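A, B and C are the chain letters, set down in written order, and residue numbers restart from 1 in every chain.
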């Protein structure tokens, strides 16, 4: 059996778990999200929000906790499914060693026509493909197996991790980071164990990204930024986030893991969001707001926690007058 | 007619707009803010806040929307003045291509006495002037046409875009970015169209800037930080911001576009501000506050939205006791 | 007398202050915190919170303000102790000049077995020691006198200032900065005067640090991150902060100077804290909260300012219904 495959019964033994509705000798060769998993895939369920998705999954084996019931689905019941999933990912998707080269641009890189790549200090890793008319400034570091489209400009100090895919006419300002590991840990015996982040980042056409912004790669699949979206400085886009088209994401905003944005969403500066929520198209989130749950299309939200802007304005006004109002109410009651 | 000039009637034709109080063959050669525009300048008015300034402007042509009246001023009435302005800027102020060099320090750079510049990995662009006793660490990237004063220290990974001007005794910590594009887009036919950012950054004497802080260049003129001001890590100073002297701007604070600060302003950590407001001298803004409108000199503000600190404390106390107070009021009323 | 020592009476003369309970010819050779100061050390007291600690200190001389009484302790009474302390630090602990080298890895660096260090663009400073099986990506800059443990991976663009100590199995993502100066200034005659930051950063085993995160060095001693703690992107850890073991610090969180965290603390994204407070073990701070005072072990806090989560939920609910509640109360009163 090759290093990159494992049998269901081996996993059951490894994690001390019970196998159900799954032939013990089923061979599993990769870890995939519930939605895209195949008969050869391991997937997992930790958040009860995704029970329906798990019930429909074509995964060959789903790691679940003791209190979950997925009917006839092939499952392995374990104590901490997220941690077990992390172990499977590490086993089946080992990260390759980086391939450093004495040539700043690795000999296997393909570069299009009329590119301008700063010599010596900008490095480009093995098998990366650069389109036409791309400008790469000094001190940019692009890792292995990336694709950069036509007419992109990448400013100094930008770091692009391996497998990142960037469309046409994308501009990335200095010291931004695309494709760093998502923040995923599973607690096991008192230690936060790394959940390997083996996905990637996909940036569509006509995106602009400010300085010192971080966009993490997905855990298994892509973190995506849609066409025409403009991201300001110092923003955080966490793993598995899906940003739609033509959104405006203003400085110091942070979007938590697996949250999705529709199209034409505006997030004014310093917005925060919970993870695993959806923010509907053409919504506006006021500056410094914190969005904790799903937002319907066309909403205008404000506050901490964010609520419809008009309601928030009213309650905010009430809060500001509160000391006076309470006093006058008391006076009235005392008089009666 | 040279590439860098255009006639008023050509613009009218290009944008399908109506020319008023302006000779059709007036030659325009640059785009400038309303305040500094000359007879050869195009300027624009999008924010009604600046109508008075526009009425006094010496611009040769002002782009305005259909519902604006500027009396006898020479105007071109267009559907989206900000977008039209973006087109004019791109036409009259094209960004030069970067000039990469196989010499880490470009042969045209002037370097003062007793400087210490890390070899090989620190790059300095064409025509940049470095003062005396400057220390430049490995991996710093300074672009073309910058001026760096005496006794500065610039730590590793700092990126300085072209035309940046830095005074004496300035220290800039690792991975900060000075002079990236401001976040300016004009919506046109469903797409966010780039407003070229052709201004620059000016840092006065005795400023210190923390790590991973971003200071964007102005759209047309400078973004300015005054003498003696100290900026912490991970702060965002947006385009056209004017920071006064001896201010303290603590970590993760963000100052939105065109906002101005007086002198000796203190912004404790994580403060946010609206754009286009003024924060008076010697004001103190408590940590995590959001300032939404002009602040008089000597204020102490707190909260979201920020209000006078004492008032905010009172209403905050009332909010905290609110569930109890409401219950006791109800009881009293029910008794009466 | 060597450059790096000074007599008590010289300091008294220099600052125009009064010496008490201290022999005028006592020789002082270093500046140290109150807790670790010796008979040869200068220390200082500016925050009244630390009077008890100062009373127990073994310092040879403590700089205090005119309204402080430390009994029989050897003190120098000055107008602005923090500023005087800054001067002493600059005198006794002058920062060495950086030692740039034409060899990307300085000839005095020791490198362990099976390391993979990107050639040409990654620089390592004099006397730094690198452990076994360490991976250093292109464009990393490590300064002088650092220690890096075994099995670490340091991604592109990371900057590590001098004297930083890093344990085993530590991963640091792109463009993070360890060891930049803390944000310490003393106001003197209308100018913010730099307080030299001569401490360092200590990262324990099994820590992971995200991208574009900044961890400042201590003013005199270490800023510490305990074993197994995981820090996300764009976080700020200020000078002298002490983070315990196995904490989770999520994106865009900022921890202010000298604050301490117990073990297993979770700070969801965008949390802010005051300085000089303690956050007890196993506490959870909700996203976007601001913690202003000490937090007992096992707390769950939310809000601005952060309060026990349940209380905050109740008052938040009351605030949201406030406009309606106030109206109905008024109606009731009007009826009575």
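Rule of thumb we're sticking to: a residue touches a chain if its C-beta (ideal position, glycine included) is under 8 Å from a C-beta of that chain, and two chains touch if they have at least 3 such contacts.
On a predicted model such as this, the values are computed, not experimentally measured, just so you know.
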Copies subunit B and subunit C - rotation angle from C-alpha fit, nearest 5 degrees: 120
Proportion of interface numbers common to subunit A and subunit B (over half same, under half different): different
Distance between the centres, which are taken as Cα means, of subunit B and subunit A, whole angstrom: 30
Of all residues in subunit A, the ones touching two or more other chains: 120-121, 139, 157, 175, 212, 234, 252, 270, 304, 319, 322, 329, 333, 336
Subunit A contact footprint on subunit C (complex, rising order): 116-121, 135, 137-139, 155-157, 171, 173-175, 206, 208, 210-212, 228, 230, 232-234, 246, 248, 250-252, 269-270, 287-288, 303-304, 316, 319-320, 322-323, 326, 329-330, 333, 336
In the complex, subunit A residues that touch subunit C: 97-98, 100-102, 104, 120-121, 123, 139, 141, 143, 157, 159, 161, 175, 177, 180-181, 183, 185, 190-192, 194, 212-214, 216, 234, 236, 238, 252, 254, 256, 270, 272, 274, 290, 304-305, 307, 311, 314-315, 317-319, 322, 325, 329, 332-333, 336
